[in-house]
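Below are structures written as structure tokens.
Paired with chain B in one complex and with chain C in the other, chain A is shared by the two complexes that follow.
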Partner chain A sequence: MIEIIEAGPFNTVQDLGRPGYRDIGVSASGAMDPLAVRIGNILVGNDDGAAAIEVQTFPFKLRFEARVAFAVTGADGHPVLDGRELLPWCTHVAETGQILELRQPPTLARAYVVVGGGLDVPVLMGSRSTALRGGFGGNSGRPLVDGDRIEIGTHSDALPLPASGIAVVEPTVALRDVFPAPVDGVLPIRAIAAGEHELFASDGEAFWNQAWRISSRSDRTGYRLSGEPIKPTATIEMRSHGVVPGVIQVPPGGEPIIQMSDANTAGGYPKIAGVIECDLWRLGQARIGSRLRFIRSTHAEARAVEQTAARYIEDVRQTSQMIKRALKAMT
Partner chain B sequence: MSAIDFSDPATIAVLTDALIAAGVDGLEISKAGAHLRIVVSKGGGARVSLTGNAPPDLAAAPAAIVKAPMAGRFCALRPSAPAEAGQLPRAVSDKEVIGFLRIGSVLLPIPAGRSGLLTRRLTEPDALVGFGDPLFEIEPQQ
Partner chain C sequence: MTVTSNILASSRVIVPATKGRARVSFIGARAFLLEVPGDFDLPAQRRIWALSQTVRRWVDIAEVIPGMTNLLSILKETPEDPEIVVGRLLEAWNNAESLDLTGKSIDIPVHYGGDYAIDLPAICDFSGLSDREVVRIHHEATYRVFALGSAPGFGYLHGLDPRIYMPRKTVPSLRMEKGCVTIGGMQTGVAMLTGPNGWNSLGYAELQMFDPTSPTPALMAPGDTVRFVPARIEL
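Moving on to the complex of A and B:
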């Protein structure tokens, strides 16, 4: 059991999402940085999709009411346990009564608290993710508030964690060759031209050439971008059609909207491009007010990046298990 | 305290996995009544050996030696850490992480194990180390 001691708005329970129900209007939801959840779960010995706490407003505090292994992944910065700074992206063991505090990260947006056994909230339509707009899933379908108590699941990993923990080279470092760092503070985000790109003619080029700012009217449903508006050459009326996370729509005002984890299931605005899926976690870690630039990509590049990220995940999975086995054999 | 059963095939298998993952060519462990040598490939380069106890001259010295808990690449700092975090000498507490072994994308934190003054790194950053190789020197503080 853990008890939430201090929670700002919109911190929720999330796993890897609830795909497969968009046809009945149910958003997939899931962590904005699924890579961080996967890695955290591997480190503590959970299944990949175990539920974690997504913290996007800080400070955040919780109390452990049982001895449990945990890791904080996602954001940069150090978690604090009973006043002592801990390594991020590393397993630790909390004793009963200890308080974990997450402070505002220096640059990134979201931290994930992953506990050994996962958060034991009910599974709805195959997922423990909170669907905020639907008001279901996760912790009673709502953000965490002070005083909430959440059960922890059963831990099945037979291999003990090393006494000093086990950590990873975080994705921004390990995968820097395929996820380039921001240039002059502008995050490069790869996208592929979408169905209505041609409608924007020369404004289509303006879409790719300018740095967009993530506006304050952004949330887990979508990021609204601020910049020089882009307009289609003709006003068209489109039937509402299915959309998924990553789709970039352009409403009449000319400032794009990127669909994120709680994406609408359908929309009628023209689509100028789609962010490649493997870059979505980088958007999930981009803060309101930060800038991004879209880089033209291809399906082949998207596939190659996806495969590199998958190799990293698999390396973490296999190597961490190997290290646990080796250290167990030596003790 | 090591209690490895060198005759256990499972132990040999995990050691071999560790060597392969760390890019180490071979490993030789000698203890009283036990000797283990694993050669992963014929390639030259890495030399890994185990000494079960600290050499007499080090054992007699006041400084304590922090040794590698397994094979890997030595990282004095977390790859994303600022360089000033690794400046020496500095006081450390027993549970403080003073370095890492990098095996693939995984980092194994190395705790100081004792309080004192971290005076020296005994291994170059990114060097390949084997189980038991000396990594740090910590002088006890009065």
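Moving on to the complex of A and C:
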């Protein structure tokens, strides 16, 4: 059991999401940075899809009501356990009664608290993710509030954790060759032209050439971008069609919206481009007020990046297993 | 299929976005949207339902989302050559036979007019009809559920009389109530969530249409027949 001591308004229980129900209008939801959840779960010995806490408003505090292994992944900055700074992206063991505090990270947006055994909230439609738009799943379909108590699942991994923990080189460092760092504070985000790109004529070029700012009216559903508006050459009334996270729609005002984890499942606004799936976690870690630029990408490039990220995940999995097996052999 | 009005004709003409051949476009690297040409009608949708069944059987498909005379296919993995996927989708469309899903009949009691019908005056202005006529035309029709989407359990209904087509709003309502009976372009439906909504409300329905704990969470399914039954008309 954990008890939430201090939570901002937008922290939720999330796993890797609830895909497969878009055809009945249910958003997949899931962590905005699924890579951080996967790595965290591997570190503490959970299945990849165990549920974690997504923290996006800081400070955040919780109390452990039992001895449990945990890791904090996602954002940069150091978690604090009973006043002591800890390494992020590393396993630790909390004793009953200890308090974990997460402070505002220096540059990134979202931290994940992953516990051994995962958060034991009910599985609804195949997932423990909070569906904020539908008001179900996760912790009673709503963000965490002070005083919430959440059960922890049974830990099935028989392999012991080293006393000093297991740490990983975080993705922004380990994968910097395929996920280039911001240039002059502008984050490069790769996208592929979508259905109505041509409708924007020369404004289509303006879309790729300018740096957009993530507006304060942005959340898990979508990021609204501020910049020089882009307009289609004709007004069309589109028939409603399925959409997925990453789709960049342009409403009549001319400022694009990127659909994120709690994306609408259908849309009718003209689509200028779609962010490649492997870059979505970087958007998930981009803060309100920060800037980004869209880079034209291809399926081949997306595939290469996905494969590199998958190799990194597999490498973390293999290495952590190896360390734990070696430790078990010694005891 | 073009609807104009005296006031808004210059800027808000309803034009179908698809003309000519079926086309496939991308959303990101894994999602492919096939949109079919021609009229927005039941024969076109029956072929979409058939296409949907075919594509669902492909081993590399993760999810299939039928829309209004269109289909979004999400692959399990990013394909090496997207043009091959485009070719397969177009071929499947060309071979798609008509499939008539036989659905259930759903009656939805509606309170037309009143506090929730915030856009009824605008619909009257756009159509040039009286509120009484707009309401009568809306409840006299029989609708088919073409597809679900946008919100949990939300059904896109086809069968709206062209006389009461009404473009989506340029500026969406910030907080439309769950249950509002709405018109968006050539489509009608019932709002499933309270929140921002660009469609136009002309009434209110109390029927619960989504339950996440049920094995069949959504009341509506593609192919179902829907009738709006006036429970009350308050004009």
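Going forward, the second predicted complex is superposed on the first by the 330 of 331 C-alpha atoms of A that agree within 3 Å, B and C clash if a C-alpha of one lies under 4 Å from a C-alpha of the other, contacts with A are read in each partner's own complex, and residues count from 1 in each chain.
Keep in mind that, in the parts below, a residue touches a chain if its C-beta (ideal position, glycine included) is under 8 Å from a C-beta of that chain, and two chains touch if they have at least 3 such contacts.
Given the structure is predicted, the values throughout are model-derived calculations rather than measurements.
Engineer: If chain A is used to align the two complexes, do chain B and chain C fit next to each other or clash?
Structural biologist: They fit: once the shared chain is superposed, the two partners occupy separate space.
Engineer: For A:183, is the partner it touches chain B (first), chain C (second), both, or none of the two (neither)?
Structural biologist: neither
Engineer: With both complexes superposed on chain A, which partner does A:123 reach: first (chain B), second (chain C), both or neither?
Structural biologist: neither
Engineer: When both complexes are superposed, which of chain B and chain C contacts more residues belonging to chain A?
Structural biologist: C
Engineer: Quick check for you: in the superposed arrangement, does A:195 touch first (chain B), second (chain C), both or neither?
Structural biologist: The second partner, chain C, only.
Engineer: Determine, under the contact definition given at the top, whether A:330 touches first (chain B), second (chain C), both, or neither.
Structural biologist: first
Engineer: Between the C-alpha centres of chain B and chain C, what angle is opened at the C-alpha centre of chain A, expressed to the nearest 10°?
Structural biologist: If I round to tens, I get 160 degrees.
Engineer: Once the structures are superposed on A, label A:306 by its partner contacts, choosing first (chain B), second (chain C), both or neither.
Structural biologist: Second partner only.
Engineer: I'd like to know which partner A:266 touches here: chain B for first, chain C for second, both or neither.
Structural biologist: second
Engineer: After the superposition on A, what does A:1 contact: first (chain B), second (chain C), both or neither?
Structural biologist: neither
Engineer: Once chain A of both complexes is superposed, is A:240 in touch with chain B (first), chain C (second), both, or neither?
Structural biologist: Second partner only, chain C.
Engineer: Give, as a whole number of angstrom, the minimum Cα separation of chain B and chain C in the superposed three-chain arrangement.
Structural biologist: Minimum over all C-alpha pairs: 24 Å.
Engineer: Can you pull the chain A residues that chain B and chain C both touch?
Structural biologist: none
Engineer: In the complex formed with chain B, which residues of chain A make contact?
Structural biologist: 76, 87, 90, 162-170, 172-174, 312, 315-316, 318-320, 322-323, 325-327, 329-331
Engineer: Show me the residue ranges of chain B that touch chain A in the complex, using the header's touch definition.
Structural biologist: Those residues of chain B that touch chain A are 2-4, 8, 10-11, 14-15, 17-18, 21, 69-70, 78-80, 95, 97, 100, 102-111, 131.
Engineer: Quick one: in the complex, what on chain C touches chain A?
Structural biologist: 11-18, 23, 25-31, 33, 35, 40, 62-72, 74, 77-82, 147-154, 156, 167-168, 170, 184-187, 192-193, 195, 210, 212-213, 217-218
Engineer: Flag every residue of chain A that touches chain C in the complex, lowest number first.
Structural biologist: For this pair, the touching residues of chain A are 19-26, 124-125, 131, 133-134, 136-137, 191-196, 234-244, 246-247, 252, 264-268, 271, 274-278, 297, 299-300, 302-303, 306.
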